[in-house]
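What follows is chain A paired twice: with chain B in the first complex and chain C in the second.
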Partner chain A sequence: MTEAIAGFEGAHGPKPRRTFSRRNIFLYGTLIMVALYYMLPLYVMIVTSLKGMPEIRLGNIFAPPVEITFQPWVKAWAEACTGLNCDGLSRGFWNSVRITIPSVIVSIAIASVNGYALANWRFKGANVFFTILIFGAFIPYQVMLYPIVILLREIGLYGTLWGLVIVHSIFGMPILTLLFRNYFTSLPEELFKAARVDGAGFWGIYFQIMLPMSLPIFVVAMILQVTGIWNDFLFGVVYTKPDIYPMTVQLNNIVNSVQGVKEYNVNMAATILTGLVPLVIYFVSGRLFVRGIAAGAVKG
Partner chain B sequence: MSGNGATSVEIKNLDLSFGAVDVLKGLNLSVNEGEFLVLLGSSGCGKSTLLNCIAGLLDVTGGQVFIKGRNVTWAEPSERGIGMVFQSYALYPQMSVEGNMSFGLKNARVPKSEIKERVARAADILQIEPLLKRKPSALSGGQRQRVAIGRALVRDVDVFLFDEPLSNLDAKLRADLRVELKQLHDRLDNTMIYVTHDQVEAMTLADRIAIMKDGIIQQLASPGEIYSRPANLYVADFIGSPAMNLQQGRVENGHFLAGELSVPLASYSFEREVAGDVWFGIRPEHVLVGDDAAGADLELTVKAEVVEPLGSDTLVLTSVNGKRFWLRISGQSKVASGDSLRAGVNAADASLFDAGDEERL
Partner chain C sequence: MAKIAAIPMILTALCVFVGGTLWTVVYSFTGSKLLPKAKWVGLDQYERLWNTNRWIVSIENLMIYGICSLIFSLVIGFVLAALLDQKIRFENTFRTIILYPFALSFIVTGLVWQWILNPDFGVQNIVRSLGWASFEFDPLYNQDIVIYGILIAGLWQGTGLIMVLMLAGLRGIDQEIWKASRVDGIPTWKTYIFIVIPMMRPVFITTLVLIASGIVRVFDLVVAQTSGGPGIASEVPAKYVYDTMFLRQNLAQGFAASTMMLLAVAIVIIPWAYLEFGSRKRD
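Then we have the complex of A and B:
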């Protein structure tokens, strides 16, 4: 009927598609299976962290809690003991914050200027410098652990928070510089030329032209650094002392304590708490992250 | 219009190489005050490179650049008294039109009131006042290019440099802006150096055209001169669309001979002695057709193979001696492919080139 009114005959407009076609069932079926597979451990962690110890001992790890209790979370955050300190993960959390923020700011500030200089001001030896820097990204960290211990000791920063900040900033440099260089290379060169004709200098072009155009890549760098530094365990345990251990090291000490009963609920809660920061970062800035990666990292 | 004799830009023995590749070799060029000079050439000929050297965006390998008699070879781009307009507009995306135009003045620490005045004046000249508060992303291509010109205009420079400014625009807009650029030049009387690969832009805008190939200027002359008296085979072939019809042959007893062709050269004004093998060139629009062909130095009958009506005139592809031979005839004439045409060529309209060094004879 409608066809006759509209004056069409035969096929017209969007092609009708069946919701339960074989293609859709296969596609969504696979997606749902894979999603469940990855969600399951998180489900177990959350469920376990909300149970009391007697309920956990029953052994039904997939069963939802009969009696919901937040005690394990409170204990993990404020009461769990590591060594002599019994103030829970909160100490490690604030240590990690105090390590992550300056490390992220310092490394991104330096790397973005590096990348800008490498991309736009082709100074003498730029290629050699860049090659060395990239080579640095492939050297295993373990090789450099002890030399850096000596270096930090000599400049009097071993076992301090700032020592760790310096280490994180240096180790973030190769990959961040590469990221920024590639992004700035992808910006039209004529903009840079126009700014030079307009009389802007090295810093003028960086701050007034380049920075405002590179929000996506700064977000990417920030996410990489925050998650990388927050999740770091090796440098934290090597270059700091118990008072200023980052959260990951403290989590390890709580979970792996050999004395007393294994409190699975507290361990689960502590682990979720530690992983919360990267998780939140991903959720908040995921879209910008993808955009920045697509803009900067693909083009060599 | 063109110049009062004083030199505005002078380039002496300019060399530029990227590593082992020599892009410019001992280039000399002098541009008069108020002149509109077009650098024309196919891609990779070094025309943009030369412009960047004048602007100071590339460090030269050797030689000197003078602007208004001042040696600026080592000067920063902003100190050279130049304004530059780029093909991709290169507007700062985060700044408004006004911000874009005043950026250079702010860097030069020009007082605020004067910045305002100059931006207003440039906006008036280019008729972009309603756009001043907008961001570049909210402008059309033509408007963007106008803003880019405005950015050069506010700086009160001696020399304007254009790097293929119209190449990103569509054909209609390109023609409009071309006319506006010409009017702007007449009005401002600044020296302008303009890089393009489009010969129509070059012919219409230029006081003089420098045709470049492989980093060397092939011919530097007025558009009319370049069109009617190309200095060598490359220029002859490059300028004109369709290109000049060329026949290779030899000169004997004052006649050009190629296959069955024989053209008496009595009316051709030679620039130098004729020796042996030559190229004979005649532009499609200089080939006489039909009754006009009677009495020409060379008369021949050709068969139309392809007919391309352009409206104003019609292009006809034929062949002579197995080589393509284009005719440009009136758009009114009715010709179909397969038709036979009478064509005539006068030696006075032709160009002869030495087959060896390819220079004009």
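Then we have the complex of A and C:
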């Protein structure tokens, strides 16, 4: 018996032989062990969140729940306390939604125009700014935290939602600009030239030619930004006030609060709730997610 | 028009990345406390920084975390990629499973592992209940090994990404190389070590830079998993900066610490940029 492996383009290594060769047992055995290890935390989160506290105190964290209860989920969503507010993680969830949507739109709008200007218009000094931007991506955020506090205070946006939107647009800019610049550069230049001959201007070409042609890269950028901004903790905690804390900050405050009895099941339900949005995006988007992070990782 | 459209980029590059960085470096030579004041104190802040036990602990932790995380990410990432590259079935399923933690935030990662490593309920308790009563594994409550507890969580979150990048690198290797090495009867592992890995040098360098710049940023993971504890045993530089600037209102001290972080990154980035872009120009 040989494995039929058509369609795995580009895979190499020695040819597989019988299905139950010693090599295959070793190979799949290792991979299954690894996969189980990676799945374990997700499994533990889910089973813990479905147990009652008495069961948690008695039992082992890997055991499936004897009696399934959804009470921890309800409590995490609507009743868990941070400080004096006891309206649960729902507050943080909606804050994160209100932060993420404008941040994603603004950062992608700015970066796509940047990328377009860099790829097609090459104004004087463009490369200098672009180089600074790319090196800026490596500067530790801590170095720029306080100067940005001052800038935001000057324009009166410190501690507000729009201030945070600006921060996300700034720090998303290097990687997104790179992404768009590389994509626009790869489009045939004749298109751009023909449009120029027809008298189309900067914005005309952007909206009528570039935008419709680059929907896939916009989707990749969106995946990158939604997960990135949703998962952000540092900027949320530095640039916002408690009533608009994003979900990650509120989650940390709920779980790591020193007051009261620890309710591990509620904590785990809250943790899953916070991870749910990026997880859903990950599992739905599949290959596009991989493409996004690969584009983010491999500098052009 | 193009220039006007690029104003946000120009402002970000000049005001934030260049201006902000210079501002922080300059103000690290002042005695600023609650508010930035241009009262010069020379290198006082740096002297105090290197005499602060908490900073020394942060640096030690970052070194341990950094070195281990580099080695383990590269080794595990490469081995997993090589395993996935053996024309296996369900490649997509395995890849999806190993990469999913990367979609989760460090806060979520830290909290899950805080729970799994909880000595009263987690791994330690389970091994004990299996009959090994003296078994001890409580990294989050033991000063000496707490940083390894964080490392476990960090690796779980990040190795998937390295694996994906390595896999892309392996797929970029010419099929002929494998055929040739098989004809010559060279064992697979030898082909990997002496032929494939040297050919993947660019991928290794990219991942190296990626991991290294991620390591310096470690912050949320520690905040969520241990809050720097027990005591100050799991403090890291990024957290030191945040705490001194925003919780202890000791701005200039935070600036000095963040300047040190910048210096550390520069030591990694500048030689890399020189090799990468310097050689490209010569080609």
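Criterion: the second predicted complex is superposed on the first by the 259 of 300 C-alpha atoms of A that agree within 3 Å, B and C clash if a C-alpha of one lies under 4 Å from a C-alpha of the other, contacts with A are read in each partner's own complex, and residues count from 1 in each chain.
By definition in this document, contacts are C-beta pairs under 8 Å (C-beta built on N, C-alpha and C of every residue); 3 or more make two chains touch, one makes a residue touch a chain.
What you see is a predicted model; the values in this text were computed from it and never measured.
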Which partner reaches more residues of chain A (counting touched residues only), chain B or chain C: C
First (chain B), second (chain C), both or neither touched by A:W94: neither
Touching partner for A:G199 - first (chain B), second (chain C), both, neither: first
Contacts of A:I139 with chain B and chain C, given as first, second, both or neither: second
Which superposed partner A:T271 touches (first chain B, second chain C, both, neither): second
First, second, both or neither for A:P41, with chain B first and chain C second: second
Which of chain B and chain C A:F70 touches, first, second, both or neither: neither
Complex contact set, residues of chain A against chain C: 3, 5, 8, 10-16, 27-28, 30-31, 34-35, 38-42, 44-45, 48, 56-57, 60-62, 110, 113-114, 116-118, 121-124, 126, 129-130, 132-133, 135-136, 138-148, 150-151, 169-170, 173, 177, 201-203, 227, 230-234, 238, 248, 251-252, 255-256, 264, 267-268, 271, 274-275, 278-279, 281-283, 286, 289-290, 293-294, 297-299
Touching residues on chain C, where the partner in the complex is chain A: 1-3, 5-6, 8-10, 12-21, 23-24, 36, 80, 82-89, 91, 93-108, 111-116, 118, 121-122, 125-126, 129, 156, 160-161, 164-165, 168, 170-171, 173, 175, 178, 182, 188, 206-207, 210, 213, 216-217, 219-220, 223-224, 227, 237-238, 241-242, 245-246, 251, 254-255, 257-259, 261-262, 265, 269, 273
Residue ranges of chain A touching chain B (in the complex, touch as defined): 188, 190-191, 193-200, 204, 208-209, 212-213
Contact footprint of chain A on chain B as seen in their complex: 52, 55-57, 76-78, 82-84, 86-88, 90-94, 103-104, 107-108, 151, 155, 163
